[in-house]
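In the two assemblies presented below, subunit A is common to both, partnered first by subunit B and then by subunit C.
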Partner chain A sequence: MTKIELRNITKSFGNFTANNDISFCIAENSVHCIVGENGAGKSTLMNILFGMIKPDEGEIIISGSPVTFASPHDAIAKKIGMVHQHFMLIDDFTVLENVILGDEPVKGISLNIASARDKLKELISKYDLEINLDEKISNLSISIQQKVEILKLLYRDSDLLIFDEPTAVLSPIEVNSFFEMVRNFKNTGKTVIVITHKLNEVKEIADKVSVLRKGNLVFETDNVSGGIDISEISSAIIGGAELLTIKSKDNQAKSGQIIVRLENISMTSNKRKCLNGLSLSLFAGEIHGIAGVEGNGQAELADIVCGIEKDFEGTAEMPAERASIVPDDRLKKGLIMEFTIGENFALKRKGNSYHSEKELLNSSEKVINSYEVHAPGPEVKLGSLSGGNQQKVVVAREISSGNEVIVFSHPTRGVDINAELFIHSQIVNERNNGKAILLISSDIEELLSLSDRLSVIYKGKLVRTYETEELSNALNNSEENSDGKIHLVNQLGKLMTGVSH
Partner chain B sequence: MKSNFLSVFLSLAFTFIILTILIVVIGKDPLEVYSLIYTDVFTSGYGIGQTLFKATPLIFIACGLAVCFHASLFNIGAEGQLNAGSFVIALTALQLDSLPLVLAIAISAVAGFTAAGIVGLIPAIIKVKKGVSEVITTIMMNFVILALINYLMVDFFAVKSTLRTVSIGDKNMLGKASDIFPFFEGSSLNITFVASLVTAFLVYVLIYKSTFGYKLRAVGFNEVASKYIGIKVSKVVIASFFIGAGIASFAGLNFIFGYKGYYELGFSNNIGFTAIAVALLAKNNPIGIIFSSILFAALDYGGLAVNQLIPKEVMLVVQGLIILSILSSDSIVRNFYTKKGLV
Partner chain C sequence: MEIIYSVFSFTFLAQVFRMMTPYYLGASGANFSERSGVINISIEGFMNMAAFSFAVFCIMTGSILLSLILAVIVNILFSILFSMFTVTLKINQIVTGVGFNLLIAGVTKFLMVFLFSSSSNTPRIFVGYELSDNITAFSIALIFISGYVLYRTKFGLRLRSAGENPWAAESLGIKVRQYKYAGVLISGVLSALGGIWLVSSQHNYSDGMIAGRGYIALAAMIIGKWKPVNIFFACLMFAAFEALEITLQISGAEIPTQIIQMLPYLITILVLIGFIGKTKPPAADGIPY
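Let's look at the complex of A and B:
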């Protein structure tokens, strides 16, 4: 029986379509996994289901009748609960206080803690949660905190539980007990939605899988007693079929000298081991692609190569001058949105000099003309440009500072196709100018069409590096016979998700 | 820019209305009070002179604060910084009475700037190294510095049974503006007012036109992006604290060389805090600071003028109202513009 149906859900943010006409059903008393790359639209879809975002079009149907959610309160009233990737707990409160917060049982004008405590104790023993209600959140491990979040939902009698990347923060043993818990929920008649990009987990717990890519629902399959085909899903996620379209690279890689050498790099941040014995070499005149599921150490690798992060173990040989970086998040890391283009460029200056209005406008205009930036005028602030044009400005600024090493971290994420092509041609240009380029991306197409060498990062380590020849062999085959490329993509998918090594 | 003017206007209008109500509640005629303020402050050369004289230290200090505020560093320590600087200015000036006046002032100013700057460096370094919020450390530094100066004064430098240093002597003092322009009728206005205007202009160029200024504001807008762009954020934090605190010390030039001839404990009378409001009202724009300083100085002097009618503390209420209303009118105006799609 259908628990919830999503019909023709569409949601756009400006020019960017996060969800495009998505329809699917979630069966009652099942575990439904939603998979896809970052930016594929999973979180937007779930936020719509949880009432945090209003869809532009489409409707949600619960047990046969359409509903509209003005806020998560409405969703909670319909017994939908969500555990976010980042927990929403108050560190200085106890478990009990956190759970009842926002839904406090009252007797007259005072809190009726005793009744809440009884109910919670019952739930804890029913689902084997093993939580001490009087412990402060700050004293609990991440996995217990997650259980507190779950307890919150159970306390509010949710029977549809949504988990956003629940296992990202858990160790393998904790993952197993999490699965146990999910099965338990299913056995007691609840419906569970899990957002994830770990395919071996999908295989283990899902009854049904939906794959999103670039805002579209591209693939759905039932998982009958774990007999699901993972490679089928992984190529649906990364879009193997589209691979044959882009071929922007001219393959004349100049073999230069080593510019960056990292040897056995390990790094721990927030008590999490994010890099674990990573070794990498980067030559002048090459594009070294890094493929991987996000959160496997790419961000930390980028920070180390461009000299922002210095707190790590292992040896790193790099040029004295800081590398340029096109960071993964242009809003937070790339640009000063309150400044004009010229002013953003001025930030790269060494020393201190006077900047006249005219000089800054000229500098803006030069960038607008030579990098095809679409801006209403040279005096506008970056905040009012579209994402693709903002990204072009970041790329232009980093390229023009003329450093030997350039890190591109997800350079075309969330930009339109024209900006994407333009940025790709700039990356190849810089490679041909002899720059050493590290290209981090979760877009396999991008990596295959640009990389001279390609490494796969998994759990803070490069698990496989494809040399130039190996890559071009696999890709050349595909011109007569696409098997070589599809085989390569399947292999990459498995390496990225840790299915094989 | 337009929205800035609008929110300043809204804030002043709101303050004016509340002040009027306040005067009525006290049982006085607002018209009488306002006309008294007007005639005392604006119709006599002495009133204008006194107002500009009182604006001088505010301009210096608020310009210094603007440097910090543009980097999103909420420096509440101007009171301590300017006292440290002024104290050192007085002590230095005492050693230099044989030098020509211009030279003596220049050397004292450098010494005062450095002393105040070093006081400003302490919270900056603690912030950079340990991530402690500058709000807390700068507030605490005020107590530390004032207590330290108190100790040094009482035990070493103060004239017996007073809280002031020895005077530098009349021949080492700056002349009054009214010596040349009789219009000012013997008010305390002196050339340091012109120096404060020059300082405001220089700080304007530093913040809005120099590479350092762009980096400073970039850090204020988005520290993470600044780091990725390659700006050395900690250097910017340290430099802006040093410069900002240093400039605040120039308030002492006005008092020591232009007015009393000595450093006196408590001379600043919490002007380091008033300057925060001055800078906020001017949106941290040094040119705007000139005007908001003059407004606050007029209120201060006007408060004295109407003391017979209403308690002069009412003017403190006015200053507080301006801060509260400028902070809230900012968001009101921003929402208004966003709704109209103008931003």
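Let's look at the complex of A and C:
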């Protein structure tokens, strides 16, 4: 029986379509996994289901009747509960206070703590949660905090539970006990939706899998007694079929000497091992692509290559001058939105610290003309430009600094197609100028069409590196070679999701 | 020797409890506001406004009860204005607080001259000690009332959630802004009582009579780590120093009173530096939501 149905859900943010005409059904009393890359539209879809975002079009049908949610409160009232990736807990409150907040039992004007405690104790033993109700959240481990979030849903009698990347923060043993819990929910008649990156987990717990890619629902399959074909799913996630049209670059790289050499690098941050014996060499005149699911150590790698991060083990040989970087989040790291283009450029200029107004305007003008930035004038603030044009400004500034090494971290994320083409051509240009380039991306299409060398990062380690020759053979554009491409893409998908090593 | 006797007398103790009153009212009020996430540094101004309007209403109406109600209403109006600025319009809370303090100082001075042709004092007001004693009794009861409201009621739980993590609170369907308004409103009402206590114990309103008590109340709230009972003891300490200063002045001892006057501030600074344990404000205190 269908518990919940999504019909033709569409949601756009400006020019970007996060969800495009998505329809699917979730059976009652089942575990439904939703998988896809970052930015594929999973979180948007779940936020729509939980009433946090209103869809532009489409409807949600619960147990046969259409519903509209103005806020999460409406969704909660329909017994939908969600555990967010970042927990919504109050550190200074006890477990009990956190759970009852917003739905407090009262006796007269007092809180009825005793009755809440009874109800919670019953739930804790029923679902085997092992939580001390009087402990403050700030004293609890992440996995226990997750259980508190789950207890919040159970307390509200939710019968549809949504988990956004629940295992990202858990250790392998905790993952197993989480699965145990999910099965327990299913056995007691609840319906569970799990958003995840990890296909091994999908194989283990899902009854049905839906794959999102670039805002579209591209693939669905049932998992009958764990007999699901993972390679089918992984190629759907990274868009295997579309990738067949990728051409290898016309001109081959003229590799020079090694500019950056990282040897056996390990790094721990926030008690988490984020790099684990990573080795990497960057050659002059070469683009080295890094493929991987986000959060496997890419950000830390970028910081080390740029010389921002110095607290690591292992040897690193790098040029004295810092590398240029096009950061993954231009809003937070790359640009100041309240500044003009010229001022943003001046931020990184060496030497003379005085800038006349005329000088700044001239420099804005120069960038606008030579990098095809669409801006109403040289004096406008960066914040008023489109995302694609802002990204062009970062790329332009980093390229023009003339450093030997350039790191591009997700350089075309969230930009329009024209900006994407322009940025790609600039990256290839810089390679031809003899720069050593590290290209980090979760877009396989981008990586395959630009990289001269390609490595897959998984759990802080490069698990496989494809040399130039191997890559160009696989991507060689002839009729009889389509098998080679499919093979390569499938292999990448498995490596990225940790299915094979 | 005489000084020591006078310090350990019942009269002295009663004096301390009386003088604690405006501190504890102001500090409890500020605590409700900060627990909801709004820093209210205009406790000083709120006390001043209520003290002035209570004096004026007493002179105009002759009824103490009516004047008390009207003075509280004036403060409620100011609190609503303060909340509109800080919560609805999200203007910086410190700037708004400073603005209110200066505005109220100016308005009261102006009205003093306008109403009484004197920039310093109102005429004498005949308020018996009954009112100030009742307010003192209330402020002692407030230890239990504010503890109960904050920790044992639905309202208190939600108010505190607004100050700790408004995003989490909102995700559970709590109307965070309403609770912030409520927190500021309570701070307005309680500091009004503090101002009224001053007028009723000094039998008139004089310009500058709050004399920094609103700011000391904030210090007491911090020393008391935002907890009703601890705040009470911090207020008792400030009151004890104030009483000691007066006792010394009367006894004519040769200790310079400035030293005693200085002590509470010195202790406050030491506490803030971290000598007496760490103090942690509500996690989202001062952050507009």
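One rule holds for everything that comes next: the second predicted complex is superposed on the first by the 487 of 501 C-alpha atoms of A that agree within 3 Å, B and C clash if a C-alpha of one lies under 4 Å from a C-alpha of the other, contacts with A are read in each partner's own complex, and residues count from 1 in each chain.
The working rule: contacts are C-beta pairs under 8 Å (C-beta built on N, C-alpha and C of every residue); 3 or more make two chains touch, one makes a residue touch a chain.
Source: prediction; values computed, not measured.
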Subject >> Combined model on subunit A where subunit B meets subunit C, clash or fit >> reply: clash
Original post:
Which partner does A:I109 contact after superposing on A: first (subunit B), second (subunit C), both, neither?
Top reply: second
Original post:
Given the touch rule stated above, what does A:P327 touch, subunit B (first), subunit C (second), both, or neither?
Top reply: first
**OP:** Could you say whether A:D91 touches subunit B, subunit C, both of them, or neither, answering first, second, both or neither?
**Re:** second
**OP:** Considering only touches as defined above, state whether A:L101 meets subunit B (first), subunit C (second), both or neither.
**Re:** second
**OP:** Kindly classify A:H73 by the partners it touches after superposition: subunit B alone (first), subunit C alone (second), both, or neither?
**Re:** second
**OP:** Would you check which partner chain A:V463 touches, where first means subunit B only, second means subunit C only, and both and neither mean what they say?
**Re:** neither
Subject >> Touched partner set for A:I61, first subunit B, second subunit C, both or neither >> reply: neither
**OP:** Choose the clashing stretch of subunit C with respect to subunit B from the list 97-105, 151-159 or 277-285.
**Re:** 97-105
Original post:
What residues of subunit C sit close enough to touch subunit A in their complex?
Top reply: 152-154, 157-158, 160-161, 164-165, 167-169, 171-174, 282-283
**OP:** Name, in rising order, each residue of subunit B that touches subunit A in their complex.
**Re:** 205, 209-212, 214-215, 217-218, 221-222, 224-231
Subject >> Partner subunit C, residues of subunit A touching it in the complex >> reply: 71-73, 76, 84, 88-93, 97, 100-104, 106, 109-111, 152
Original post:
If you look only at subunit A, which of its residues touch subunit B in the complex?
Top reply: 306, 308, 322, 325, 327, 332-339, 343-344, 346-349, 351-356, 397, 401
